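Following this line, the structures themselves.
One chain, chain A, appears in both complexes that follow, with chain B as partner in the first and chain C in the second.
Here is the complex of A and B:
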């Protein structure tokens, strides 16, 4: 094992922060729906990839600015999320069965993507594409920086909404004790529709960021599941900044491991970290 | 024994297939069906029966794959000899993991699922980066395959068939056994199961070990079937997700559910693997899964079983609480001297609140002690500490002259102490009869399953629930649930019975029936500690009264004397105005 130069190490830490930001952005909606709706939504990953492909299509064929595609994707996904929540409420799906139903949805979306865009790799070529700038001895790629900015902005928005608005307070009350919240006039069903819609829109936002910096293939839906769940659990369910902070911790630890040893050792760090958190964390999640 | 013969007969019939002269394709297809039956059924032993959903089945399957691959390719161990090793490696790995994880109470439900998934990725990374694999995968085409049937494909088919028959038979045996009942109770309410005498930690560990061993065996066979193993393929998310889907589709609460689900999903995916329809087939599998979960959340077998049980319910007549059946004979009391239960200096605090603040209580053999006190005085905490639910901060508990094991609720139950819960906590998915039979198997009586069910019927009759033995607890009203709590506590044949507000919420008529019942319990020689707010009941039943207030004993003695003492009146009603000034 050779010890890398400090510049290389700093660059790894930076790339770890960027990857972590995407973990956090993917985890944000997942954490909210798990913590506040008690749903383990595997379809979140499928929606994110669907968003990425739509963004790719609108930007590379339709000529839109990749970030502007979010204006189209977010409202559409909000409607999809709310529709799915209606279905979940209609059939009173338990948390465990939600996992299975959303896995079914994931398979369907994967098939849909494969049918529309084939199983080949797709890469969004845009004005941001390879843009990067120098900061001291570090290279900062623009698409990743946009992802970090979006992750921070959306986490802050979710945090402020949960903390300061009536909507957020009702959501937290309903998650804590639904019958009591209902007795105090909280319309739990309507809230759940809004929240599920928002989570799906967040998946869409994560999808746009995916399209900006990564090569897309339908089968890659599954590669993100493990590490993003690790970020969600470590960050604490239903907490706005939890996934982002945990995502960055995981991303940086992975990047440093890759720099110090071989890239193939990277998962060991993040998942050992997750196991340690699960076993040693003193209070309830 | 009823299903062993059909399982073995079916296995024997299927074993003749290689000699029918079918194309090799069928044997390979059937191999896959059997392979998934082993994996799904073995997963179900822990995850379905006990409710510990594991997403780590891929890790134990993979441990088996790499055990066989390494032994066969590097050490030239004959293929068949590697299979027991594959099962053993997976089982040891599972036991080591379980020994850590099952001690942490918090890691249940989703957290257990996530933890086992993380373990899979950790193991995959280690395998990939060490000489076990090293990256390029392991070729096994040079390993000789023993000739069990007319062709190589049929050899694999017969091996998988033997594994599948064995696995399903094991799942069935557990389903019918005392061990299985314990697992089902853990699924519904682990804490109550422990208090009823189920050694939950050991049960989970044993189920996990079996589950892992069988997955390892399937892995060992599969390593040679695919003949080229890679870490990426072996430890992919496909194995855990597929076994979960198969089991849930078939039904996780029945021994045959996972096998049915495995056959259905394997057939479904195989039907769609050809060219153009592959994508449509994938989407179709997703649609089938969603529809089944939405309309049959209990799985196919669960759905059928529920349909079969319903019509029987209608015919059951309403139970009468005033039934006068004779109770089964209880064990003769021991003849040693001194108090039966001796509590000394017991203290317990919850984040600053001193719930028990140095409690001394004696309970003598054969008496009924009324435990009184205002809300929050520590009565329920005392019951919870004696029954082993909480660990005391300080103090000693002696039962029949021996110290009670601390925080080992199942051993306390074995020692002869039973309790009821203020809010009934029946096992939701066990029938009323099974609910009562469980403590008879795991409590002080320690009966076998048949004797326990016979006993349970008597206790149901004793408590007026005889007509309800085959319904689920959700179909009982509050009063019947309270009596079910009593029947469960009695079925373990306790020498000391702790009753925590069994009468709250009942109507006066129901209370009279319950008082009659408690009187009859005492006549059999059972000692009772009665926590109760209904004063006329305490006055009628109790030989002696102990009053708690703010975690301390403030008075004890004969009922009529205690209730007129100034400290007791004060604790309930406050100080008179003139006394305060």
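Here is the complex of A and C:
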């Protein structure tokens, strides 16, 4: 093995940070849903891709700025998430059943995307697409930088909400011990609607970032599931910064593996790290 | 005119009109339909290309039925969605034979599904004509007939064609970076290409493999840039080529000469970074291919149908041409033998050549493969044009390098 140049290594690490930020952003809503609502929401990925396609449509056909599409997507997705949660509560869907039901929803959303946009590849051409700048020997692409910024900002907002607001304290209390929280006047059902709506809106935000940097195809919904689940589990369920930090650790590890050895070994890294964390710190899950 | 004459004329006119009304046009097919069964990847990761094959099949069956069908009977095409899953394709082909009781089979899309269908066809002794099988040495069944004319050893023959094309520029590359997906029908071609490059004196300065589904091409692009090759050979399928090009662009790297195995043709030709990209093909929409009236008619129909179906790329290239050729081969065998017997049809195909829109196909070589008709194409001025060999190159087109 020949050791790569420092420029190659640094560029690879930066690439890993950026892709890790997207893992973290995709994982944020999933982690909150799993940790606080006890729902393993596979449809989160489908919603993210639906958000990406809507962003593509509004920007490509409607002429909107891709980031401004979030103003449309976030409230709509909040309503979708809350609506789904209402249905889950109405039919008393258990955590295990939520996995099956949301998988079914994922298949339905994939079919819907294929029906509306066909199975062909779609690429959002925007002013951000080509934007980049140099930082010493490093090339910094703007779309990925925006994703990193959004991931940090949203994780911080979730962290502050959970820690400093009545809403956040109520959510944590309901997740910890729902009957006791209810005895103190916490309306668990209403909170669940708000949280599910927020998780869906976060999926929409991740979708906008996906559309900024990636070419879209309906079946790509599934290519992110494994690694994002690993980031969520490594980061700890219901933790605001957990998925982002774990995502960046995974992304950088994969990128360094690709820079130093055979790129085909990279997928082993995320799951090896997950196994190591589960063995060494099982209480994290 | 006497009454008798007028009466005769009137009777003749009535008889003529009656004949026109009650006698169907001589070419209209009649009788029970000939049922042809197949599956296609209409959903799942291969659906984008599966849709192309569906359009082509529909066009061909309509063309057949607008004439005299097959053997004077109408043709019914039963196509099922295998969801891009080879295991499901196997079940569905079993179903087509045993439950739907189709007369003939047409292959599904992509190597994995075709291999599954081939196993079923072999079990029931059915002939299988298919259009997109990528690993010729795995096709052992004696009644399979490939219409993607790769030849029996494409890793060797096509790579030599590619190197010949590069040599034709007068400035052949001295070094190559081979970077490839581990997707089966890609990987063996890349490994074969490495051997050919070695034999042809092109020094390999980098060899990398990635798993299909890789998301981050940044480190791979950085390693290619670091290796400074004259020529980048990318064993990519679908979007992977564009993903690598995007990653290269982000670090301000433009490969001097770049080749992609099976790129998504639309996205590659539309991307500014795809300019001068090389790839393999069996058909493009320019002479000499368009000199064939059948091809010209098909291109018009396909362009219109693809646009109506909302496909972003409406051009006829390898996929659509191989698919159309498969139907032409089936049509030719049935018409020549006047039979639907799989043994009779297969025996005829083994002995005869069939003219198709991609050229003349034969099936008498190893594993029923004939000539390697793969050509080298390049993105020039926003469109794919064949640049090598000279005799099939687009008028005035030559391989360009930076």
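Note that the second predicted complex is superposed on the first by the 283 of 285 C-alpha atoms of A that agree within 3 Å, B and C clash if a C-alpha of one lies under 4 Å from a C-alpha of the other, contacts with A are read in each partner's own complex, and residues count from 1 in each chain.
FYI, a residue touches a chain if its C-beta (ideal position, glycine included) is under 8 Å from a C-beta of that chain, and two chains touch if they have at least 3 such contacts.
Just so we're clear, the structure is a prediction, and the values are computed from it rather than from any experiment.
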Assess the superposed three-chain arrangement around chain A: do chain B and chain C clash, or do they fit?
clash
Please indicate which partner A:217 is in contact with in the superposed arrangement: first for chain B, second for chain C, both, or neither.
second
Going by the contact rule set out at the top, does A:233 touch chain B (first), chain C (second), both, or neither?
first
First, second, both or neither for A:264, with chain B first and chain C second
both
Go through the superposed model and pick first if A:120 touches only chain B, second if only chain C, both, or neither.
second
Quick one: is A:15 in contact with chain B, with chain C, with both, or with neither? Answer first, second, both or neither.
second
Identify the partner contact of A:91: answer first if only chain B is touched, second if only chain C is, both if each is, neither if none is.
first
Applying the document's definition of touch, where does A:103 land relative to chain B and chain C: first, second, both, or neither?
first
Now for A:272: first (chain B), second (chain C), both, or neither, which partner does it touch?
first
Going by the contact rule set out at the top, does A:251 touch chain B (first), chain C (second), both, or neither?
second
Which stretch of chain C would you flag for clashing with chain B, going by 55-63, 91-99 or 199-207?
91-99
Just which bits of chain A does chain B share with chain C as contact spots?
110-111, 114, 262, 264, 266-267
Chain A partner, complex, touching residues on chain B are 53, 100-101, 104, 106-107, 110-111, 114-115, 117-119, 121-122, 124-126, 128-129, 135, 236-237, 241, 244-245, 248, 279-280, 282-283, 285-290, 293-294, 297
Along chain A, where are the residues that touch chain C in the complex?
4-5, 7-8, 11-12, 14-16, 18-19, 110-111, 114, 118-123, 130, 132, 139, 141, 215, 217-220, 223-224, 227, 251, 254-256, 258-259, 262-264, 266-267
Report the residues of chain A in contact with chain B in the complex, numbered from low to high.
34, 40, 87, 91, 93-97, 100-101, 103-108, 110-112, 114-115, 222, 225-226, 229-230, 233, 262, 264-268, 271-272, 274-275, 278-279, 281, 284-285
What residues on chain C touch chain A, complex-wise?
43-45, 47-48, 50-51, 84, 182, 208-211, 213-216, 218-220, 222-223, 225-226, 238-239, 242-243, 247, 249-252, 264, 266-267, 270-271, 309-313
